[in-house]
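In what comes next, chain A is part of two complexes: it sits with chain B in the first one and with chain C in the second one.
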Partner chain A sequence: MQLYEPQPSYLMYAFGGGWEVMAYIWQNVFKRTASDANWWYMQGNSCKLKAQYAGSIPVRYWWWSAYAGCQLAGLSQYLTALAIVAAFCVIQFLILTIWAAISGLVIALLLGFNFLYGNYFKIFFRCPDCHEQMSIPIYVCPACSTEHTRLWPSVYGVFHHRCAKCNSKLPTLDVLGRKTLVQKCVSCKRPMNPDVGRLINIHIPVIGGPLTGKSNYIFMATKRFTEQYARPRGFEVTFPDKNHQREYENNIRMLSSGMELVKTSNVVPQAYNLAVKKPREWIGRILYIYDAAGEAYSDENSTLLQTYYKYVHGLIFVIDPFSIELYRRQHESEINAVRSAVRPSTLSVMDAYGRMLAILESSIGLKSSKRLQLPIAIVISKTDALGLEAQIGQIAIRELMNRDPSIRFEAEASKQLIERFLEENQLGNLVRDLNLRFENVGYFACSALGRMPDASDHRPYEPIGVLEPLLWLLGKAGVVGVRQGLTRRMDEQDKAMAKTKGNIFKAVKFYYWDSLRPRR
Partner chain B sequence: MDDLIGYLVTIALVVAVVVAVVIAVLSFGGFILGGIAAAGMVTGAIKGTNNFFIVLKEAHDRLP
Partner chain C sequence: MSNLRCPRCNERVPDRQPVHLVCLFQRARYVILVIGGLVLLLTICGILFSN
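Entry: the complex of A and B
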C-alpha cells in the first residue's frame, strides 16, 4: 500500500503550494529591492562625484555625508526587505508545519479507520471480471475523465482532491460522494459497479462439468430467492450492475417462455453480483456468484485460471446424475430415449471434484489433516427426469420424514437420501472424501427447470428445490438467518406436539426434555 | 593686563566661533547623512512592504 503516489491532482497548500510561495518570495522580493536600492546608490554616486569636484572642504564634506546617507538608505532597503521576508518565512514555516502535521494526523486516522472498517466487515474491492483484489480502484473524474488511482485522503487533499486537468473537486471519502464516481478495476480497467467495495463480500462459485445445469440453476435460484425468500421478509435484493440485471431479466424471460439458456462459454467467468440487505441492517452483502463454463473443470490449465477461489465463502457443486457412470449404465435405455432432452454431462463427477480440490489446494491450501470450514452444497440436478424426484427429491424427502419422525429437518432427510444414492452408484468415495475434507457438507436435489426441455412446450419452467442449497449456503455465510428460522419452526412444532401429549406433566416433559434430546 | 585679557577673550571668541562653525558644518553633514539614511529607511519600509505584497500575490497567482 503506497501512501503517496503521484496523482493528476494538485498537492495540498501545506504540502506543495505553501512551500513554493516561500521559495518564490525569497527569490523575487530581493530582485525588486535591488532596483529600489540601486536608485539610492545612483544618487550616492552622483553625490560622490560632486564631493570629488567640490571646491570647499565643508561642501565636499556635505556631499560625502550625502553619499554615505545614500549608501545607508540603499542598505536599509535590503535590511527592511530582509526583515519582512524573514518574518514571513518564519510565520509561513510554522503555519505550514502545523498544518501539514494536523493534516497528516487526520489522513492517518482516516486511512486507518478505512482499513480497519474494511477488514472488520470484510469489505474488499474485488473485480467481478478479472477477480483482482485492489486496495482502491481507479476513480474517473466526471468532468474530464482523468483517472485517479489514489483518490483517498492524502497529501493531495484530506477530504477532496482537485483534478489537475479540469480543476474539479473530487471527494476522497464515500460519505462525501466518492461512491457516485465511476470506478474501474486497476488490472483489467473495466468499470466496476458502485456496490463493489461498499458491501460485505460473499463469493460463491457454482462448480460442475459441462451441461450439468449450472446456469439454469443460478438464475432460477436467484429468482426463487428474490421472490419467495427475500421479498416476504423485507430484504432488499438489487443488481448493482445494470448489465447483470439485464442478463438476469433476459434469462428469466427465456426460462419463462419454456426456452433453455444458452450454454455458458466463459472458462474464466465474470462474477454475477447481487446485493442483499436485511431489514435494519447497516451494511448489506454483495454476492459474487461465479458461473464458469463446465469446460473450466475439463482440463488442468483451465482449472488453474479460476483465481477467485482464494476468496470463496461457500461452494455449490452440481452433479448431473446422468454423468454418474453406474447410474448411466443401469439406465442406459431410458437415458437414450430422452438423451436430447437431458443432455448428460460429459465430465465424470470425480474428475470435476478432483479439479475443484486441486484449485482449493492451490488457492487456499487445502490440508488432508484439517477439515475445511468452507460449506459445500452438493446439488444433484435434473431430478425431473427418470423418476429421480421420487427417489431423492422433495417427494422422497417428505416420505422419509413421515416414515422417520426423528428427522426434523428437510436438509437432514435430503442428506440421508443423497448420500445413499451416491453410495449406491459407486460414489461412496466422494461422500467419504467430502466428509473427510469439509466440516459443512449439505446434500440437495433439484430440478432447475422442473420438467424436461421440449422445444414445442412454451410453458414457463417451474424449478423444484433450487432455493434450499442457496439458502443453506447463505445461512452458513451469515447472509440470511436460516438457522433462526428453522429453530423457530422446530420450536413451534415441539409446542404443538407437546399439546398433544395429554396432560400438562407429559407436555412439559416432552417440551423441556424429550424434544431436546440429541438425535443421531 | 587688560589688553592681555582682551586678547584672550578675543582669541576665545574667535576659537568659539571657529569651533561653532566647525560643529555647525559637521552637524549639517551629520544631518544630511542621517536625514538621507532615515528617508531611505522609511522608503525602504514602505517600498519593501509594497514589494513583498506584490510578490506574495504573484506567488499565489502562480499557484494552480
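Entry: the complex of A and C
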C-alpha cells in the first residue's frame, strides 16, 4: 500500500506554503536590500570622486567623511535586513517544525486508529463489481469532479484537504462527512455505495449449476429475511445501493405476479449488497451476496474468474435434485411430464462441487489434514416437485422428529433426511467429502417458488424453507443470534424434563450434566 | 474435533469435554454468580474479622 501519492490538493502550510515563504524571503529580501545598498554605494562613489579632485584639505576631508557615511549606510542596509530575515526565519522555522510535528503526530494517530478500527471490526473497502480490495477508494470532489485518491489525514490536511482545482474543502474523515462524497473503485472506477467500507463485511456466494434456482432463492430468501425475521425483531435492513433496491423490487414484483426471474447472465457476478443492523448495535453488517450464473461453474476458465472467494464467510451450495443422474433416471417419466416447468439443471452436482473446491483451493487453500471452518449450507431446491417436500422438506422433518424424540433440532433431522436422500441417489461420496473437508455443514431443502411455474397462473409464489439456510449461515457469521433462541428453547425443554426426575438432586444432575452430554 | 454434538446448541464438542463446557457455563451462570458472590463475601468477612 502506497501511503503517499501526490494529490490535486494544496499542501498544508506547515509542509508546503510555510517553507516556500521562508525560501522566498531569503531569496528576495537580499535582492531588494542590494538595490537600496547600491544606491548608497553610488552616492559614496560620487563623494569619493569629489574628494579625489577637491582642492582644499577641509573640503577633501568633508567628501571623504561623506563617502565613509555612505559606505556605512549601505552596510547597515545589509545588517538590518539580515537581522530581520534571520529573526523571521528562526521564528518561522520553529513554528513550522512544531506545527509539522504536531500535525504528523495527529496524522499518524488518526491513520493508526483507522487501520486498527478497520482490522478489528473487519471493515474493508471491497468493490461489489470487480471484487478488488483497496485501502481507500477514489473520492470525487462534489464541486469540480476532481478525483482524490488519498483523501485521508496527510500532509495535504489533517481534517480537510483543499481541492487545488476549485478550492473546495473536502473532509478526510467519515465523521466529518467524507462518507457523503461519491466513492469509486480504484480498479474498475465504478461508483460504490456509501456503506462499502463503513460496515462489517460478510461475503456469501450462492453456488450451483445453471437453472438450479439460485436467483429465485436469493430474492425470496431476502424477502423472507426482511419481512419475517428482521422486521419483527427490530433489525434495520436496507439496500445501500439504489440499483440493487430497484432490482430487488422489480424481481419481487415479478415473483409476486407468478412470473419467474430472467436467467442470470453474469459469469463474474456483481455482489448484491444488503445492510443489516441489529437493535442497539453500534456497527451494522454489509452482506455481499454473489449470484454467479451457473455457467461460471461449467468450465474451469470461468471458475477461476470468481476472485471473491478469498473473502467468503459462508457458502450456499444449491443442488437441483433433477440434475442428480440416478434420481433423474428413476423418475424419468414423471420429470418428462413436467420438464418445461422444473427445467432440470444441465450441470452435474459433482462437477459443480468439484469446481467450487477448485476455487476454494486456489483462493483460500484447502488442506487435506484440516477441516475448513467455513460454514457451507447444502440446499436441495425445487422440493415442490415430485413430492420431494414430503420426502426431505418441512413435512418430512416434522414427521421424523415426531417419530424419533431423540432428534431435538430441525437441522439434525434435515441433515439425516438429506444425507440419506443423497446417499440413496449415489451421492454418498459428496456427503463424505463434505464431512471430511468442512467443519460446519448444514443440510436444507427448499422451494424458492413454492409451486411449479405455470404461465397461466398469476398467483404470487410462496417460498418454502428459504429462510433457514440463510439464517443458519448468518448465525454462523454472527449477523443474527439464532443460537440464543435455540438454546433458550432447549433449556426450557430440559427444565421440564428435569422436573420429572423425582428428587431435586436427580433433577439438578440431569439439568446441569446428563442433558449436556454430547452425542452423535 | 469429534463428530459428537451438543444436545443444547447442536455445535460440535471436542473429544476431551465430557459435556459442552460453553453450554454448561451458560446454563449455570446464575449459580456460578451466586456461589462466587458468597465465596467473595465470606472471604472479605474472614479477612475483616480474623483479628
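Heads up, the rule we're going with is that the second predicted complex is superposed on the first by the 492 of 520 C-alpha atoms of A that agree within 3 Å, B and C clash if a C-alpha of one lies under 4 Å from a C-alpha of the other, contacts with A are read in each partner's own complex, and residues count from 1 in each chain.
Everything that follows uses one rule, which is that a contact is a pair of C-beta atoms (placed from the backbone, for glycine too) under 8 Å apart; a residue touches a chain by one contact, two chains touch by 3 or more.
All values derive from a computational prediction rather than experimental measurement.
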item	value
First (chain B), second (chain C), both or neither touched by A:Ala34	neither
Partner chain in contact with A:Arg371 - chain B first, chain C second, else both or neither	second
Partner contacting more residues of chain A (chain B vs chain C)	B
Which superposed partner A:Arg483 touches (first chain B, second chain C, both, neither)	second
Chain B versus chain C as contact partner of A:Ile84, first or second or both or neither	first
Which of chain B and chain C A:Ala507 touches, first, second, both or neither	neither
First (chain B), second (chain C), both or neither touched by A:Glu20	first
Touched partner set for A:Leu72, first chain B, second chain C, both or neither	first
Chain B/chain C common contact set on chain A	none
Chain A contact footprint on chain C (complex, rising order)	1-10, 12-13, 17-20, 23-24, 26-28, 31
Residues of chain A touching chain C in the complex	371, 408-409, 411-412, 439-440, 483, 486-487, 490-491, 494, 511-513, 515-520
Touching residues on chain B, where the partner in the complex is chain A	25-26, 28-30, 32-37, 39-41, 43-45, 47-49, 51-52, 54-56, 58-60, 62-64
Contact footprint of chain B on chain A as seen in their complex	10, 13, 17, 20-21, 24-25, 28-29, 32-33, 36, 40, 58, 61-62, 64-66, 68-70, 72-81, 83-85, 88, 162, 164, 167
